[in-house]
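Same chain, two partners: chain A is paired with chain B first, then with chain C.
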Partner chain A sequence: MVPPVGSAAIKSGSSDAKAWLLLLPALAFLAVFFLVPLGQVVFFSVMDPGFTLKHYTSFLSDSFYWRVLWGTFQTAGIVTIFALLMSYPLAYMIVRMGGHFATVMLLIIAMSFWTSFLVRTFAWMVILGNNGPLRAILEAFGWSPAPQLLFTRFSSTLAMVHLLIPFMVLALYSVMKKIDMNFVRAARSLGATPFQAFHRVFLPLSAPGIVNGCTLVFIMCLGFYVTPVLLGSPREQMIAGLIGTQIEEFLEFGEASATSVILLLVTLAIFAIYNRFVGLDKLWG
Partner chain B sequence: MNLVLAFALVVALFVVGPLLIVVPMSFSTATSFEFPPPGYWLGYYRAFFADARWTQPVINSIGIGLATMLLTILLVIPASFAMVRQRFFGRSAVNLMLMMPMIVPHIVMALGYYSYFSHLKIIHSPLGVVLAHTCLSVPVSYLIIAAALKGFDRNLERAAMNLGAGPLRTFWEVTFPVLRPGFLIGGLFAFIHSFDEAVVAIFISGQAASTLPRKMFDSIRIEADPIISVVSTLLFGVVLLAVISPLIWRVVVKRPV
Partner chain C sequence: MTDSTKKGMNRRSALKLAGATAALTFPGPFINRAYAREVLYVNTWGGPWEESARINWFEPFMRENNVEIKTVSPVSFAKLAAQVKTGVYEFDCTTLGDADIVRANEAGIIEDIKQSPIDQSKLWKDAVFQNGVGSHAFATLISYRKDKFPNGGPQTWAEFFDVKKYPGARCLQRHAGRVLALALLADGVPADKLFPMDIDRAFAKLETIKPAMRVWWTQGPQSGQLLRDGEVDLIGIWQTYPVRLIKEGIPVEMVWNQALLDKAYWVVSKGSPRRELAWKFIQSAVQPERIAKFSLANVYGPLNPKAFDHISAEDAKLTPTSPENIKKVVQQDTSKAGDQMAEANKLFERWISR
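Take a look at the complex of A and B:
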């Protein structure tokens, strides 16, 4: 925050007018090239050609769509839980060990973080493929013939955990590195076991990182398109994949728009809950 | 404690292992995705550089990324000045507006752009992709540039003005040079965001303006083209270089002569 002291010496004229003038290019651009297309999606979801709610009623009355929605939630939940369970110990060790260990681990995380989703999805395509190493290993251990791995819910879930772990680790790490380890030492010297010191002191202090990481990963997973479409089961689509199919194969813009609005509302609801309890600026602060 | 450390190492291996598999794949002689490779050669590298169906999307992506970068920082820099330095009515609403493109799922925007740009007749054109990517890059660029601006010591400006510089001269000779690294990083993030963006590009870039992520998506989904492993290795190599070069630099510079 900028202190107001002395700023009057630099500013001249009406500061409100100046602010809006500086904001004008960005706001006008976003209005024309972001809000209008977004508004169109909402508009088309209730028009055909006159006002109608049939796209929503056909979505809400069809058990197929409910299964997609529920499956998407389930997958996002599973991915979030696994990403958290795997990332927490890693982030914790990075903070505890420090030094070269932390440098190497953060390097690995950064490497994965910056590598395109498509490259990483392709890597899983090879690993899980019919001629891939994982099936060969399973068969070497006597599971013959090994089960089909690719194009299942398992494959897309596994790949998404892998893709989103760096986000989770970074969210946890940014909170954990600010925790004062003297609190943990104080608990130990007052007679707490190492586990109690962790469970009663460190874990609650790291809770904001857990909330941030889980919110971020869950929301990214809800709207995930590329990986579930390439690796997942075509019969158990996630909601983003369903929108893609509605556009590409059926050219059903009304239905695609209604599905999009439902995804949008769910996403906004999660952000609103987060904003209510934590404050939105903390998510990317 | 040792158990936790062992688990952390296993997770690290899980994170890095799958990335490394693309490297041997790119030298493989196999005609489909097969691991371990039956033999090694450089044929797919030659094929990649000779094939316009692959090199054109690379050129498209770089051009679209650069245009997006330029447009994004031109919009974001003045907006950041207003947001960081001014207090005005409606500021938090504007903040939400600037962050909005990060909140809305990309698939929703892909649908929106698909119909909107068809209507404007700029679908399947680089221009459409640049306009869409600029919107999507505004939040990340704004976060970085606003953060740089918050850290700026305004006493520097006051000193310049006390010494008789006008507001414009103060901006060009004091404010801008100090903030330039922040602006560049904000621009770089916009470029990377555009270069990596897949979902919107898949739906609106078409054949003519196909970006590299779109080409890769099609290649995996439809063709199972082994050249994808070459592209993946090259992209991974660039990231690897970018991530470890600061480290190497530090080691080299620190070493006593």
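Take a look at the complex of A and C:
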């Protein structure tokens, strides 16, 4: 029951108004903990010390920042593609096999969810290290001396894909498990090969899951910086790490805020372009 | 480049807004003050540092004064600067290194020791520097794998930078102030002429080992792990880690010659409502026996010379401030560096990712 607070909207009995009332706590939370800080960041970016656009002009006119920004998006893109390629078959198997297999696989995925990113990053340091098992295996197969794996782009990409796979699998799984398999059977009975049935029926139906998963993984990856610093090549720099340095080391709040706003705008722009040409809303159905 | 030096002072209005929001969302310290027992907030490095600080500093002080100590970690210069301007104090005292304390004192974000109840005549000679009280020291020194260099490794920074004589993967801390100073030492700059730094000369020297720099370490434990696993053959590292590795029987050697000394000083946040208590705590923390025990736990060198009365001769050999080692280490006079550190920091981050 809604307490009789005497709002006109409630008296009108509009179910829309009641729905909004239910949303109120969430909206209030978002306003206080998301919109206000975000507004502050925008404020700092043009008000440090007085009103100025110099933090933006110095960013935009400096190729160093562009290179870091481009590198970050490149890394996020590559990681997203590999995470999708590895997660799709896994999610598909979980949905198709069901039963114990699904339970065990989902449990394994949930377990890696609960293990901290840092712990998993350090585990990769051991696996990929000079005295680690992976190089030992390569050398046992005659590749001697095996190349050094740690502190390369390969290592950081591999680890980030591994860290983000659970998010991708769960995003795909939640959509795939709702797909009515009768559609696929109908396609088969109408003469489609197994590949055609998958390609023309199942894959398009699972597209919202792909978009969800890729969006989630891409955006999470943009914010990564500990993993590339610990595993990647020294030259690899992520924009989130740069923002951290601007605040912690340089005490440049304005510069850091401007960098954050630019990162946000570029991310939104990419999704706007994607929406324009691919059409997010069509996929959402 | 931007005029970074004065900016900190003119950010007042914007930071006040941040302070107001922070005060609304995190009223923790004020609520706690309502309790009978006074609370002191100390900024710590967390982990083993805090563990040994708790046993050797916090617990005795809490017992003697019937106060409570709460900790905030990790040590953050940015927070120290912000809280003075907003008036919202997350911590009352913290430790700062050589370079940061000069920066902090110039920016006026730490309390003046002359206004404190500390009786400087009861401290040791040179105990006070830039309104901070000396606590302990650590050194960035050369350490190498003995299995890689069975006939002995580099003994000076010049040799560390010599990739022909000592080929192998190298690692240094991702820290502009220290790395540039080491490069200058390697290039033959005498220890007393390091500051102000010739930044161009330092980068020119660094360029010569860039291809051999396999990775830059950012966390203390990470540097120890890199040496233990043999990921790198030579490293510039804090003494704590090679001392532990040698005790574990890992084939590692450490070189005290030209070790770059860094000192940690206790400072009080400017304008903190609990500054009297903070000074009282600092006075208790630098007592010979307590600083000796804290230093031993982390293999640091106590700055209070009387602390060595409580340290065995064998343990003293492993500390950078022992009478024997202090002659070999390089002491930095960062007060001459002035404001060039901020600029050096920026150039260094760019140089690494190039």
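Criterion: the second predicted complex is superposed on the first by the 212 of 285 C-alpha atoms of A that agree within 3 Å, B and C clash if a C-alpha of one lies under 4 Å from a C-alpha of the other, contacts with A are read in each partner's own complex, and residues count from 1 in each chain.
One rule holds for everything that comes next: contacts are C-beta pairs under 8 Å (C-beta built on N, C-alpha and C of every residue); 3 or more make two chains touch, one makes a residue touch a chain.
From a predicted model like this one, the values you see are computed outputs, not experimental measurements.
A.B. asks: Using the touch definition from the top, say if A:167 reaches chain B (first), chain C (second), both or neither.
C.D. replies: neither
A.B. asks: Report the partner of chain A that touches more of its residues: chain B or chain C.
C.D. replies: So, of the two partners, B touches more residues of chain A.
A.B. asks: Using the superposition on chain A described above, determine whether A:218 touches chain B (first), chain C (second), both, or neither.
C.D. replies: Neither partner.
A.B. asks: Where does A:20 make contact in the superposed view: on chain B (first), on chain C (second), on both, or on neither?
C.D. replies: Touch status of A:20: first partner only.
A.B. asks: With the two complexes superposed on chain A, say which partner A:245 touches: chain B (first), chain C (second), both, or neither.
C.D. replies: Touch partner of A:245: chain C, not chain B.
A.B. asks: Would you sort A:125 into first (chain B), second (chain C), both or neither based on which partner it touches?
C.D. replies: Touch status of A:125: both partners.
A.B. asks: With both complexes overlaid on chain A, does A:44 touch chain B (first), chain C (second), both or neither?
C.D. replies: Both partners.
A.B. asks: Counting only touches as set out at the top, which of chain B and chain C does A:230 meet: first, second, both, neither?
C.D. replies: Once the two structures are laid over each other on A, A:230 reaches both partners.
A.B. asks: Between chain B (first) and chain C (second), which, if any, makes contact with A:36: first, second, both or neither?
C.D. replies: Touch partners of A:36: chain B and chain C.
A.B. asks: Quick one: classify A:58 as touching chain B (first), chain C (second), both or neither.
C.D. replies: Touch status of A:58: second partner only.
A.B. asks: Which chain A residues contact chain B in one complex and chain C in the other?
C.D. replies: 36-37, 40, 44, 125-126, 129, 131, 229-230, 247, 253
A.B. asks: Inside the complex, what are the residues of chain A that reach chain C?
C.D. replies: So the residues of chain A touching chain C come out as 32, 36-37, 40, 43-44, 47-50, 54, 58, 64, 67-68, 125-126, 129-131, 148, 150-151, 229-230, 234-237, 242, 245, 247-255.
A.B. asks: Which part of chain A faces chain B closely enough to touch in the complex?
C.D. replies: Chain A reaches chain B through residues 1-2, 4, 6-7, 9-12, 15-16, 18-20, 22-23, 25-27, 29-30, 33-34, 36-38, 40-41, 44, 86-87, 89-90, 92-94, 97, 103, 105, 107-112, 114-127, 129, 131-133, 162, 165-166, 194, 222-223, 225-226, 229-230, 240, 243-244, 247, 253, 256-257, 260, 263-264, 267-268, 271, 280-281, 284.
A.B. asks: Mind listing the chain B positions that touch chain A in their complex?
C.D. replies: Listed in rising order, the residues are 1, 4-5, 7-8, 11-12, 14-16, 18-19, 21-22, 25, 32-36, 74-76, 78-79, 81-89, 91, 94-117, 131-132, 134-135, 138-139, 143, 150, 154, 157-158, 161, 167, 192, 196, 198-199, 202-203, 213, 216-217, 220-221, 228-229, 231-232, 235-236, 239-240, 242-244, 247.
A.B. asks: Where on chain C is chain A touching in the complex?
C.D. replies: Checking each residue of chain C against chain A gives 2, 4, 7-8, 10-11, 13-15, 17-18, 21, 25, 76-78, 81, 213-216, 218, 222, 225, 229-231, 342, 345-346, 349-350, 352-354.
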